[in-house]
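Presented sequentially are two complexes of subunit A, the first with subunit B as partner and the second with subunit C.
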Partner chain A sequence: MPGHSSHSWVFFYQQEESSSMNLYIILTELKQLYRNHWLLMLTSLIFFIFLYAAWNGNTNVEKRKESITSALVEMNQQDELLLERLDSLKEGHELNLRPWQYPDQPTATGNFNPRVAAFYPSNLALISTGQSDLFIHYVKPTLNDDVISLSFAELTSPVRLLFGNFDISFVLIYLLPLIVIAFCYNILSIEKESGLLRLVASNPLNVQLWLFQKTLVRFITVALLIVGALCISLALNKVDFQPGAWKLLLSVILYTSFWFALSFVVNLFGRSSEYNAITLLSLWMFLVLILPSTVSQIASELYPVPSRVMLVNELRKEQAAADKEQDKILDDYLRAHPEMVVSRESDESTAYGWWQRYFASKDLVEQRIEPLMADYDQKLLEQQMLVRKLRYLSPSVILQDVLSELAHTSTDHYLAYKESVFQFTKDWKSFFLPLVFAEKEFSSDMVEKLPQFQLDASSLESRYFTNMWVLFLYPFILIVLCLVGKPFSIKNMF
Partner chain B sequence: MLKATNLTKYYGKHLALDALNLEVQAGEIFCLLGANGAGKSTTINLFLDFIKPSDGAAFIGGINVEKEPIKTKKLITYIPENLVLYGNLTGVENLQYFLSLAGKKLKSKSLEMFLEEAGLQSGAFYQRVKSYSKGMRQKVGIALALAKESKVLLLDEPTSGLDPKASNEFSELLIKLSELGVTTLMATHDLFRAKETGDRIGIMKSGQLIENMSTGEVGHTDLEKLYLDRMK
Partner chain C sequence: MVWEIAIKEIKEITRTRQFAVASIVIMILMALAIGLSYNYYQQIQEQHEEARINERVIWEQQDEKNPHSAAHYGTYAFKPKYPLSLIDSGVEKFLGISVFLEAHNRNEADYAAAADQTGLSRFGSISPDFILLFLIPLFIILIGHNVMSKEYERGTFRLVKSQGVNMTYLVLGKWMGIYIPIFLLAGIVFSAFAICLNLVKDFGDVNWLAFGLLAILYLLYYAIFTSLTVVASVNIKNSGLTMVSLLAIWMISCLALPKAATTIIEESHPYPTQQAFSAAIAEDKAKGLNGHTPWSEASKKLEEETLEEHGVTSLEELPFNFDGYRMQKGEEHEAAIFFAHYQELKKIYENQKSGYNTLSIISPYLPVRFLSMSLANTDYESHWHFSDAAEKYRLEMQGILNGDFAEHAAYGDWSYKSDKSLWKKIPEFDYQPPGLTQILASNTQSLISLFAWSLITFLGVFLSARRI
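Let's look at the complex of A and B:
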């Protein structure tokens, strides 16, 4: 059929045309960017802010490492002193200490020679230090500690503390979209305002596709600059490029593509440069600032966390009540913990002393305020769950979730650390309390058997791939909506 | 080659083009004269498919512009009043870029030849266009028409702001293209240039074509008198 073959030929010819045209448009766009001083400024800006942010983040990480190291050094010195004193006592020497400070007293060692329960920074910790510098990164649980969970009361809101330091996550979440907006807000409007678009549109081409190619070139340029700046920043700070760093690069590329897609869509409406700039800045403000803080606000309103002051007051109140009924408490405690009861001669039946009463009352206080603590933790957990669900509303929150997961500074990592510390505190007490109740001495051979802290992160579930999918879907959906909705028409442009 | 049948355009309630019927033969230069707002640019925009007609249709080479814009755009080159090119690209690069938009690719030698044919000095071929005068840019537009082998030139006041020499050179190029069979529709305010260059002249007023004559029918003075009379 002649008509059919002619039609096929035209189709083929058009395909040939469009593929060669694409390449030339891309090359010319690159050439124009290269010749434009703006690109040089952009390159300098991107490298400067990334290098500075990485240095800044690394400074925080180093401080964290230093404080842990110094706590460990102090612990080791205390252990050496402990062993010296225990040996000295064994040899029958007197120590220049008060009786309750003698290291053979389990209460003394349990309180004065605590282990360091440290939350070490990860390989990528420098990329997102927003929360980690506010949170405790090591504790030294002792036998006397009231309620160790009170040490973790900084954890108030997962989103409120999202952005604080000028680190890489701040640059990526806050500044990167602004760079993309500045680079692309007028990609079509400038052509329209200069009159070039009339000349372009008088040619047999799909202007929407032409604009997409121009945006794509800019996206590739900015993505390469960012990836380059990130790699150099990480390398200079001696970060190991294990899978975490590659995951980071992928997430950044997807996040950048979202802002490019958004700029592309806004341009397609064919409005003026000023209109595009204001629209994109409004969207930035909404997605990066307003939405995360609203999510945080909603979480706090729906699941209000009891006040920390109330917790402390409750603790004191219970402690005061316990002090008044020490003997009864001790009796109750021993009934509940028969393993602690020591067989005594009848004349020694009242020999349980101050420490036994003290620990029994402490246990009681902890039991009594446990529902309050559980409520506190439950509310926090509910806040977490809500924020976790609502994070899909904003690519910025998703990226923050990804970055803090990769940096091991996420709330989940912090909660895992907190749980590990709780467990360790229990282990520590369980080691010493039987000695206290049995009125046994602490000896040098027990030093090696002291419980050691181990961070248990086995319960952590990665959300990386889900987050990546959603970050991918955002630009994809925007582009598909464009193709379906066809906001652009050359007939609206002139 | 160019045909408008009952071509009408409303902007809201304002009638910009009132049932225009026009036919321009292949190789003919048709000059549209008229005051600002007479409908000249609207006519050009309708042939370019930049705006949607309220009624009627425009045809290029017998193809309906609105229905098959990609096909009709393959036949045309458009040169606006102020031809803007990419300032950071050279004349040759601009020419290649706009040719590539039309689906063509030529070697540098050929591009230089077309620029030379359009009257651009060879020293300017590889200069960045931001240093070009308006006349030089218009010549790149003509070179584009030559390189694209366009059948139709749509010109919207192309000589406005050009000095007399550049304007004259431009007219000569149009005549040369006309001899090659290129059809030209030119909107202009320049009566003298229209008389010198055009084969036919149309006078527009309030969206209507009120005069359609051959340039041979009137002298320069008569044309000016006729135009002023019609504008009253």
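Let's look at the complex of A and C:
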């Protein structure tokens, strides 16, 4: 266990100069740590869990990349086939397809040759699974798709979602504080319990400073180990050391410092090892388990997302109404979109006529349902806003926010992705619908002009620097209050 | 003697400040959790009931149309919520709540609640199962970690031993000293659940036998943690170190291992991605019979077989509408494809669950987690059960609609329309959850693990007592 003292340092307290005494305290603490089996255990533990967590995270990232790559390969193959078929048609050949499958029909190409709208993993995606196990990472919006039909739900075992992932984020948020607590809960109390504190007390000593130096040595040791383990884990998984990686290291150091500062304060009260352990573990439980759950619960209670079940009902009613008045809808639609009206009357007997009624009616349903959909996004946004305000209550929530932001796996990132997909679906329709309404054919020169998906992340605001400030202020305030406050008397500790 | 030691220990434990503070915190959190859970349950129940009625009205009020158009228009099946989900909401928030039942497709339940929550919700929520599964074991560790070590530290152990106290009695008394307050606490909590379930009529039919089994399950879980605490306290002899060691056990078994297990299991039995799963189904469907592709090879084959079977030379001569017949045959063929793919998915999950069961050798949390969800009807198997029932209903519905088309319309007459009387003929979706016997039968491995954990840890208490 940490903090086993040797009698050797007692000698050093007898030195007269306080500066050299400080150095001796630090050196002695270092010697104790290095001679103790605890440090070896700690090093092995930290390296093992970080390497394992990084490997886990990277496995998920690789799967994500593979699925996108194979979708792109398939898309390119389909495009080649499309061009071949269009060329054949141009040369007057027949195709072994049903008429409505002919690629010169804009409705056929718009539905059978969709683009891959992919959400690529970021450089640091492996550090935090975040929401990435809930959602899919590419969709292929077709001409028939809309905000209602596009689903982003991934096929994942719900048990996996319930248990969560053993990723770097879990190690940092949950396990790291426990490692710090196990390493520091008895820094002072063990001296008291082994009787050596009386010897310390016989020296002219500022107990806060003495304990601070001891804690500092441990903090530096653990911080170096974690930074080392993180760097090796990232390097082994071929992560580029871009600014994101340095930002990650800074946030981890600050979070670690918070738990050391907390251990320092609890130790300073001079209670027993058992009392310190209970206090620190209660704080861990409160800050890491109870508070984040409570904040999340408060957010969803205050801003409940309207029932999806009721949305289904509304959608059905609108669909039923639209089905009944399809012809009127087409007239209204063309009145609102004069650019779509062709010189001659839309021929009801052709497939174009059917498609025109279909798209006009879909457009109407979508328009009517839009306020309801907007209400969902609004409520989710309000939840997010509240969570953002309340995140300052717990450094664990702040770190979670930082990690998911760096990994691009936050709710915000997935909302931005969804929005980009919806926008792209509109662009895709805007490309094909004029052809449908003008009863024009799709030709091979249009393939290059097909809309391409772009993830629009412009709505995302970074909270990194605010988060860093608060993560810095937590340990800073704790330490300053203890160091400048009334010196704790060693006498009271006996 | 055991009883006297237990009484003394109970007095000592309940007089400590940490017991008072921790039990008050747990009670407050539990009251909050029950309140939130009850509120959520009531809201969802009302919404589902309203949606179910609305959906039926929408279905029955359809205008005259071709039965196959009605089949495409489809209807929704809403997953009911069960009373015991008040205690354990299991994996519900990660699963969809409604299934769209339409022609040619088996759809997955959509709109999982987790997709509509912030990323912070992945930390968990203040729910009764969170308190029962995570916090009460911590409470046991808190009140019991020093049950023996304090005797060593205070030096009272020598006094006790010098009086010739039987060590087995001493340790058993200590065990009871920790367990009885926990038993009472669990009693209060489960009584509160029972009052809630009993007094509020909205909770529907409560399976009280399942409720009783849930209570026994948690009492066994706490007995395991009590035994682990006593064994650690007897052997480690230092209160601080015992506390840290027990916390490491708690952390590994309740938090780290389940997370690590998901990765290990996902690696050995991977789930397909949504796209891969859909693509595999689409590929199989393309190869076979589809009601909408009369030109396909499979359709031609069916045509020939049907003509031969009825001894006629043209489709018009058949005593039924071949279009409707082909639709139904196509539906049956596609249903078989869906069945095969979903069976594959189920098999993957069963293998995954078996993996979790194997890992439950190192974590008592895992068998309890799985059993608790199952008894509350909030586990993945219950979802499968619902999803299969919805699919069965979909096929029945398609059978009635296609049957009407085949029976009443002439071949090629796609203008044939049915009226509201046909829509009303389709029975309402009436779903019954799996019975208790079925639940227990599908959790045999978890039950074995749980009993093994109970016995081994209790044996550990005896062995530790003998080693003192």
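Keep in mind that, in the parts below, the second predicted complex is superposed on the first by the 447 of 494 C-alpha atoms of A that agree within 3 Å, B and C clash if a C-alpha of one lies under 4 Å from a C-alpha of the other, contacts with A are read in each partner's own complex, and residues count from 1 in each chain.
By our rule, a contact is a pair of C-beta atoms (placed from the backbone, for glycine too) under 8 Å apart; a residue touches a chain by one contact, two chains touch by 3 or more.
The structure presented is a predicted model; accordingly, all values stated were derived computationally and were not measured.
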| item | value |
| --- | --- |
| More subunit A residues in contact - subunit B or subunit C | C |
| Which superposed partner A:Q383 touches (first subunit B, second subunit C, both, neither) | second |
| First, second, both or neither for A:F472, with subunit B first and subunit C second | neither |
| Partner chain(s) touched by A:L289 [first = subunit B, second = subunit C, both, neither] | second |
| Which superposed partner A:S202 touches (first subunit B, second subunit C, both, neither) | first |
| Touching partner for A:Y24 - first (subunit B), second (subunit C), both, neither | first |
| Partner chain in contact with A:L175 - subunit B first, subunit C second, else both or neither | second |
| Which superposed partner A:Y464 touches (first subunit B, second subunit C, both, neither) | neither |
| A:F269 touches, of subunit B and subunit C: first, second, both or neither? | neither |
| Common interface residues of subunit A - those touching subunit B in one complex and subunit C in the other | none |
| Subunit C to subunit A touching residues, read off their complex | 18, 29, 36, 43-44, 47-48, 50-51, 54-55, 58, 61-63, 73, 76, 78, 90-91, 94-98, 108, 110-112, 114-126, 130, 134-135, 138, 142, 145-146, 238-241, 243-244, 247-248, 251, 255-256, 258-263, 265-267, 271-277, 295, 345, 349, 352-353, 356, 380, 383 |
| In the complex with subunit A, residue positions of subunit B that touch it | 45, 48-52, 69-71, 73-74, 76-78, 80, 82-86, 88-89, 93, 96-98, 100-103, 105, 154 |
| Subunit C-touching residues of subunit A, taken from the complex the two chains share | 1, 52, 56, 59, 63, 67, 71, 98, 130-131, 134-136, 138, 151-166, 170, 174-175, 178, 181-182, 185-186, 189, 272-274, 276-278, 281, 285, 289-290, 292-297, 299-301, 305, 307-313, 316-317, 319-320, 323-324, 376, 380, 383-384, 387, 391, 397, 400, 404, 409-411 |
| Subunit A to subunit B touching residues, read off their complex | 14, 17-18, 20-21, 24-25, 28, 31-32, 35-36, 194-196, 198-205, 210, 490-491, 493-494 |
